[in-house]
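I am attaching a structure below and will ask some questions about it afterwards.
The first chain written gets the first letter, and so on, giving A, B, C, D and E; residue counts start at 1 in each chain.
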Amino acid sequence: MSKRYLLALYNNFEEAEQVVRELRTSSIQGFNAADDMVIKSPIEHPEVEEFIGPKPVKVQWFTLFGATLIGSLGFLWVASTQANFFSQMKGGKPIVPIPPDMVLTYEFFILGGVYITVLGFLVCAGLPARRSPLYSAKVSEDQIGIMVKAEEGATTALKGIFAKHKALEIQEEVGR
Amino acid sequence: MTENDFNRRDFLKVLGWGGTAVALSGCGNTSIQNGKEIITSFVTPPDYVIPSVANYFNTTCAQCSAGCDIMGRVREGRVLKAEGNPHSPINYGKMCGLGQAGVQNHYNPDRVTKPMLAGKEVTWDQALAAINDKLGGVKGEQVAFLTGDISGHPRVLLDNYLEALGSKNHFSYEAASPAVLRAANKKAYGVEMPRYRIDKARVVVSFGADFLGAWITPVHFAQMYARFRKGTRPEGRGVLVQFEPKMTLTGANADRWVGIRPGTEGVMALGLINALGAYGLHIPSDIAAAVKEYTPERVSLDTGVPFEQINKVAKILKERSPSLILAGDAAEGYAHGLQNALAIAMLNQVLGNIGKTVEAPASVPFPQLAPAVGNRASLVAFNKGLADGKYKVVFTYGANPVYSAPAALKFQDNFRKADFKVAFAHYMDETAQAADLVLPLASAMEDWATVVPEYTAVPEGGNSETYVHMSFRQPMMEKLYPDTRGIGDMLLALLKQRQPDTYKGFDDFYSYLHGAILKNKVALGSKASDDDDVFWNATVSKGIVPLSGHANKVSGKLTAADLKLPPTTGADIAYPLRLIPTVSASIRDGRNANEPWLQESPDPLTTVVWDSWVEINPKTAAKLGIKEGDIIEITSRSGSIKTQAYLFPGIHPDAIAVPVGYGHQGMGRYANSIGANVYSMLDPVFDDKTGDLAFNETNVKIAQSGERVILVKDEGAAGGSQAHMRIAVQWPVDRVDYSKEV
Amino acid sequence: MTKDIREDIAWAKINQDVLKSLETPRPAYWVILAVALSVFGVGLGCEIYQYQMGMGVSNLDNPHAWALYIGSFIFWIGMSHSGTLLSAILHIMHADWRKPIYRFAEAMTTFSLITAALFVAVHLGRVWQIYYALPYPNERWAWPNWQSPLLWDAMAVFTYLSSSMIFLYVGMIPDLAICRDNMHSGWRKKLYTLMALGWEGTDRQWRNFRMTYLTVACFLIPLAVSVHSIVSTDFAVSQQPGMHVTSFPPYFVAGALYSGCAAIISLFIILRYVFRFEEYMTLPILRKVVRLTFAIAMVWTYLNCVEFAATWYGHDPAEKAVLVQKAIGPYAPFFWTMIFCGSVVPFAMMVKKWQTSIPIMFAVSLLLNLGMFLERWMIISPTLSHDYWPWQWDHNQWPSMIQWGIVFGSFGFFVTLFMVFCKVFPSVSMYEVKEMVYHRSLHSKKAESAAPEGFVAEELAVKGAN
Amino acid sequence: MGVANLLENWSKFRHTHPVDDHGHEDWMAYPTDIKWAMAIDLDACIGCNACSVACYAENNLPVVGKDKYSHGAAMHWMRIERYWDENEGEGDFSAEQGARFLPMLCQQCDAAPCETVCPVGATNHTEDGLNSQIYNRCIGSRYCLVNCPYKVRYFNWYDYPSTKDVWPSPMEQQLNPDLSVRGKGVMEKCTFCKQRTYTARNDAKTQGREVRDSDVMTACQESCPTGAITFGNLFNAESQVAMKWKAQQVKLDTDKQAKDENPDNGLRGYHVLEWLRPYPSVMYMERVRETEI
Amino acid sequence: MRHILRLFILLVGMFTAVGCYAADKAPALTTPDQLGPEIQQPIEFPHFRHAGDAKDGGMQINCMYCHTYARRSMVSGIPPVQKCIGCHQSIPEVRDHPRIKKLFAYWDAKKAIPWKKVNDIPDFVRFNHERHIQRFYFQLDRPYQEVCGYCHGDVKKLVVDRREKPLTMGWCRSCHMKDHPISKASDKIGHGPNDCFTCHK
């Protein structure tokens, strides 16, 4: 019982929105709107999230973790190198002076924040990613794509729904 | 990086001492390398050498005539640095910059290394042969020898040589020397060079005597000065007053520097005597009579010094005794220089300083060792002899007359008239270039000699009546150039030509000296029973041989008759300014101009480096619209030079000053055509009595040449202003409590 | 008052126009590139000569050990800041008029930082030992001295450089995907495919993308501020009169944004012409940038006055002396030029007619940057030639041709990098312009019913400006 | 070492070095009870430049020549500065009381402005209270020079060892083997004749004794004809320099000396630019002038 | 979220490792001995024969018998040819050995032997033999072979000497940080100086 992929392209978000809403309300056998539906859009569009339902974002946790960890490690590192190279006595200054180390810690903090955030982004967004089974260059240009994954049986019903809402194009693909 | 050529020299590798002398900080290899460098070790080690540990050898400084006793610091067979010999009564282990530069005289890249006959390198035998056959044809009195100050055994050999030739023509010439002072002292005190006990005086009034800079024996005087300034000594801090038209280093350290009109020092001195009388000092009536015309008003009119100032000086002289009055170059360089000096000496007499701060020195027990001191009169005589074609063969040693003789004397042309001119030369200087035969001198650090300084001080506990000493000069290291020879060796070789059998015993000057010293070892303070070698080694390692000389007396010999001064002349219309050739502490008369340290160390007062300059009073400059750095053309009746202007507050408006010693043609890379040679433009005016060339008797006019340069000097744009930063602070003496100091 | 951007541009057209810039710019592009390269060549030559001979050839001297090299270092770091201003600060403020121009601004940030980093090497007396300053475990057991502001600089600049590079790249991913989809085969295709990381604009990607972009932007703002205040500590932490100034950190930051904005105006005008971006880099946007610049210019002017006033009333003779030196000393001409360019010329930006006049604004922006360059120099040289030690005061120091050559060379270097970037990557953010157009159109649709056309536009413009 | 060391010795690392560290037991404080210091009597200094030349001889200082000198490349670690009395108002100089000479050398500050700013730590504070300059560590950022209020640090603008006529053969044979010859791009300065103090301490150790006052002289002190310069160990109460500091009631780490507190106490010791608080190790004694003349 | 967790752990591991490595383990970089290159000397001087232990046919001569300056100078010094001859002229039985022949050739020519420098530290480093010998040989009287061995390794087993220790700055400091008793008598603890100025002038 193999899976089928469908990609429908639409002119604008309004149309796409209706399709999505319908798909979510419809109870088609072998198709789960929550997991099997992906919206591909040329621009970032917050409204999309309203109609495809809540999906959590985890990136900020990376940020928190990275910033704190690298910040504190940075301080430890700087301080202990100063302690280690103790023959560097500086007139009128302690071997491990706090103000400079604070400045550096600050930089480490930001460094960690940025790096780990981006790392988190790649992880959460699943990048770099393999080509998904169905893709159209139009999606990066001016059309909104709705890709669904469904059992063989469900395809006709889905196509029906797509067609009903004047899909510009419907691609079909046998899933791996 | 810069693996530069001397980075890997073998001489530094002796006994495993790596190339550290030239470890180029960043440029050395930063990683470990093995088996690249070679360590050559001795075949048989000299027992006193420990690598990386310095040996010190006592010797005598040859940079000027003061004869300071120094130590050479020797490492791995190279002399690195000169340091003072602490046991010396002259310099007490101290040194001046000039002396420090001695090593650069020794290591100088421009030294003469081979005998040169008519510009071509020859062997010593050829050179000596040449001399021999030239001497063959001439009579004794046709041979003349021009030297600088020369003393000790080299002088003995020189005299013997001249005697052997049957010549009496030994001219001792120093371009800058207190010759007039000697004459005046002889007349005034009975000795040529008394000891000036600056350290004993409470007040020193100096008429242009630059005793801290370039006068007789500066390092010694600096020592005395230090004691004189110590507020902790019983007499309290001494007061120094300086009368001179151009501020010297000494003037710069005076409590009061008085810019006096050039040539009127004598007037000032008599004026002071007069004023002292007014303050109630007892003055013999005849003298009082002789000076009564010199009222403060007139004196201040002649000298340009406000008479309150004169009275102040008189007052302090009266109140604080003993005092010491010094007459220096600035007072003597005139046609009436001797009168000036005598007038000044009279001050000492009336103040009763003679015997107190003017002490009698002992004279050397072996007169033949005593220094033949130089003066400028001898140059004039020598020049005259040359002009009259009296001399066929002439030798020059330790003097550079072609450079330092005024152009007006036409010395260069006269010098050519002699058919054979031999120069014992260290550098290829002007005289050497004019000579037919140039003989390369070993440097003072490679050579044996003995030195008897003209001015001897007495060490702690020494008998001030009889103490004199002789200093040793010994080699610090192997000769850099095998073909150079010491003056002693050369004279010996020449003597062997004349009197082979007398001197065949000595194969070199060392053996001669050795013999001569040991012969008189009893007179030199040893017991006849002592072992010769022990004595010799002890003597040489000490470097100083105390002798007990004949005591002399000093006394005031001057009478009113000696106090004749010419009337002060008015200003010269065509040449309104008075040129004062300055003898600076470092370059001196110019013989050391090729030592880069001296060129690079700034003149203390103007901070100018690497060039000569003319000091002009800001007022004068303002009148003529001269700015710093203008190239000024200075014209006298006998010549003219161009040099850069420096506005200098420490000079009398009627005078300008140019340092001597610059403007060499030849001599070496560091001296050649640096600055202008002021000797060349001096007027041929002579001291009436001594016949010495009067240094300051040249009137000049100055004009801007239109060019301007940026003066190369150490001081910044603030030009010696502290900009309210309180950096070098000064307090009046009465705010200082010396009882608290150590 | 016209609109920032036409709301009816078709998304497809946006793609076309921008992608065209990757293919066929105006010939002027090649001219600029050639000039830049040759200037860079000259600079390189000078640097090699200096490396061989020693720093002396730059005519620096002993009390006067710093001059244009450090000055340019600060100048270039400063220039980078406004890129962050546009891309990060305005992003957080949702000022969407920034969208067409922030990409090249961000690129400018990156490249000017790289140029600044060059000057570290140029400035060092022994650049071949520069690794001594890197904190890595080594057989010497020696570490750099963390107490030195120079090391803080290094740290800050490194962080800033890498962060803004990442920021630039992340923000570019969707556009790279567009390039990937529209490019025909060739090395570029491969490059874009690689760099796009298989972006497909799925909702999941967009979701995380938005969060990431926002977070990094939030980090970049304090970072940018810290970087230039740290650079200012090179002077503020030192002891010299005229350098040891409390107000330096904000002063430097303001100056940085100032010169950066000026630079943005120049580059704005250049790109607009070279890549035919009239549709996107529109005059209203220029006007906004100009206004922003003017505001910052006034901040900078104010801080200048504060500094002078503080010095004047502080009554430290040395400090005062330096100030007077600046005004009447040998550096006076440069000082007054700086004041003129920095505080007087900006008033030209108040003239409404001029705000959108390309030639005038171009000239003005160049003048502003000249002023800012001189400012950096005027911080260094007057102090060093007139500090606490009167004996060492010197007024003869004047940068040699070598030094100037290297400084100019750096401009060549920067322009080369920048121009190459704009040719290889889309210098206008396509997806964001689309968003801009889309949102504007939505908005005006809503507004249409309420009010007449003109009013809406007015209101939009105002909204955009804040 | 490392983190463990950091945590164990935290209090030591937080100790302010070296100013308040005399006699501190730590290995970071002055372990050798030595603090080299100097006293210069401006009333004795005659400005003759002997010290300066001696420094050239001792420390392998290059002679840069006229052209480079004019561009401020002079390398004199010890320079004699000549100041004039200024006539208030008129702005010109008066030579009536002669000139004021000030020998200026590295003040070996205890809270040295140059030390903290060096990016590679090429200049540090040594255990015997010197302000060290490590040539082969220096990368030539010149920050120390910029931050030095006395401007006594000298940068090698050119590569003097390979420059013509700086040390033409055989002059390089005079170079002192105890010191590096500095190549291009390196900062250098007076070291209080480190090589001499080192030798003195070395010999003292070998003979198992403390360093005596007579053991070591700096080149400038040794040559100074008027003995204006005193050098020695400040912590040794018998040493000349310590006695002088004591007599003048001069403290190392104050920004105002006794003579300023109370003008009538007859003292004349001070530090130059002391109000900047670098705590110099060189005490100057004011020049004195007679009032009755 | 599993992969995120994994990533967390990975990150923690990575950064702690790097941090600790940089701060702590750096010294370890230079501790292992590195044998220097073979060096061709003009005469393959057999150290083992002169300084080696009796059991390997050595004569156990004190290093400082030949390197006489070590105890009183910065440099240990290479023995002068005279020194070698001093003994060898009275050892006729080895006179015909090739090395000894070479030696005498030098002696007769009164030429110095151009030895290659084996333990050659950079030019700007000043290592003081005296200090180390005085401290360990005379004050702590440790056996001379051990004392010299600290830096020169086990020379007595070699024919031609080779560098046996890294001689890097880190390696020097690894020892200078250790505490040793000041002298045999006192229990006071001290360590080598850590001023850069001590070795770099």
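Here is the rule we go by: a residue touches a chain if its C-beta (ideal position, glycine included) is under 8 Å from a C-beta of that chain, and two chains touch if they have at least 3 such contacts.
These numbers were taken from a predicted model, which means no experiment stands behind them.
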Exercise. Can you list every chain in contact with both chain D and chain E?
Worked result: A, B, C
Problem set entry | Per-chain Cα centre nearest the global Cα centre, belonging to chain | D
For this session: Select, from all pairs of chains, the pair with the highest number of C-beta pairs in contact.
Result: B-D
Problem set entry | Chain whose mean Cα position lies farthest from chain E | A
Exercise. Could you state the distance in Å from the CA-based centre of chain B to that of chain E?
Worked result: 53
Problem set entry | Euclidean distance of C-alpha centroids - chain B vs chain D, Å | 32
Problem set entry | Between chain E and chain A, distance of the C-alpha-averaged centres to the nearest whole Å | 61
Exercise. In chain D, what residues contact two or more other chains?
Worked result: 1-3, 6, 27, 70, 74, 79, 81, 83, 116, 121, 124, 126-127, 135-138, 159, 178, 180, 184-186, 273
Exercise. Among the residues of chain B, which are close enough to touch at least two other chains?
Worked result: 1, 7, 17, 20, 22-26, 28, 30, 52, 710, 714-715, 721-722, 725, 727
For this session: Give me the residues of chain C that touch two or more other chains.
Result: 63, 126, 129, 135, 141-143, 145, 147, 388-389, 391-392, 394, 396
Problem set entry | Every chain pair in contact, whichever chains are involved | A-C, A-D, A-E, B-C, B-D, B-E, C-D, C-E, D-E
Problem set entry | Touch list for chain A against partner chain D, complex | 76, 79-80, 82-96
Problem set entry | Touching residues (chain side chain B, partner chain E) in the complex | 7, 15-20, 22-25, 28-45, 50-53
Problem set entry | Interface residues, chain E side, partner chain D - complex | 20, 23-27, 72, 122-124, 126, 128, 130-131, 134, 177, 190-191, 193-198, 200-201
Exercise. Okay, in this complex, where on chain B does chain D touch?
Worked result: 1-2, 4-7, 9, 11-12, 17, 20-28, 30, 52, 75-76, 78-84, 91, 93-98, 100-101, 103-104, 107-109, 212-213, 218-219, 222-223, 225-226, 229, 231, 237, 239, 241-242, 247, 249-257, 259, 312-313, 315-316, 480, 585-586, 596-602, 604-605, 607, 609-611, 618, 649-650, 669-670, 674, 710, 712, 714-715, 719-722, 725, 727-738, 740-742
Exercise. Along chain E, where are the residues that touch chain A in the complex?
Worked result: 1, 3-4, 7-8, 11-12, 15-16, 19, 22-24, 26-27, 173, 194-196
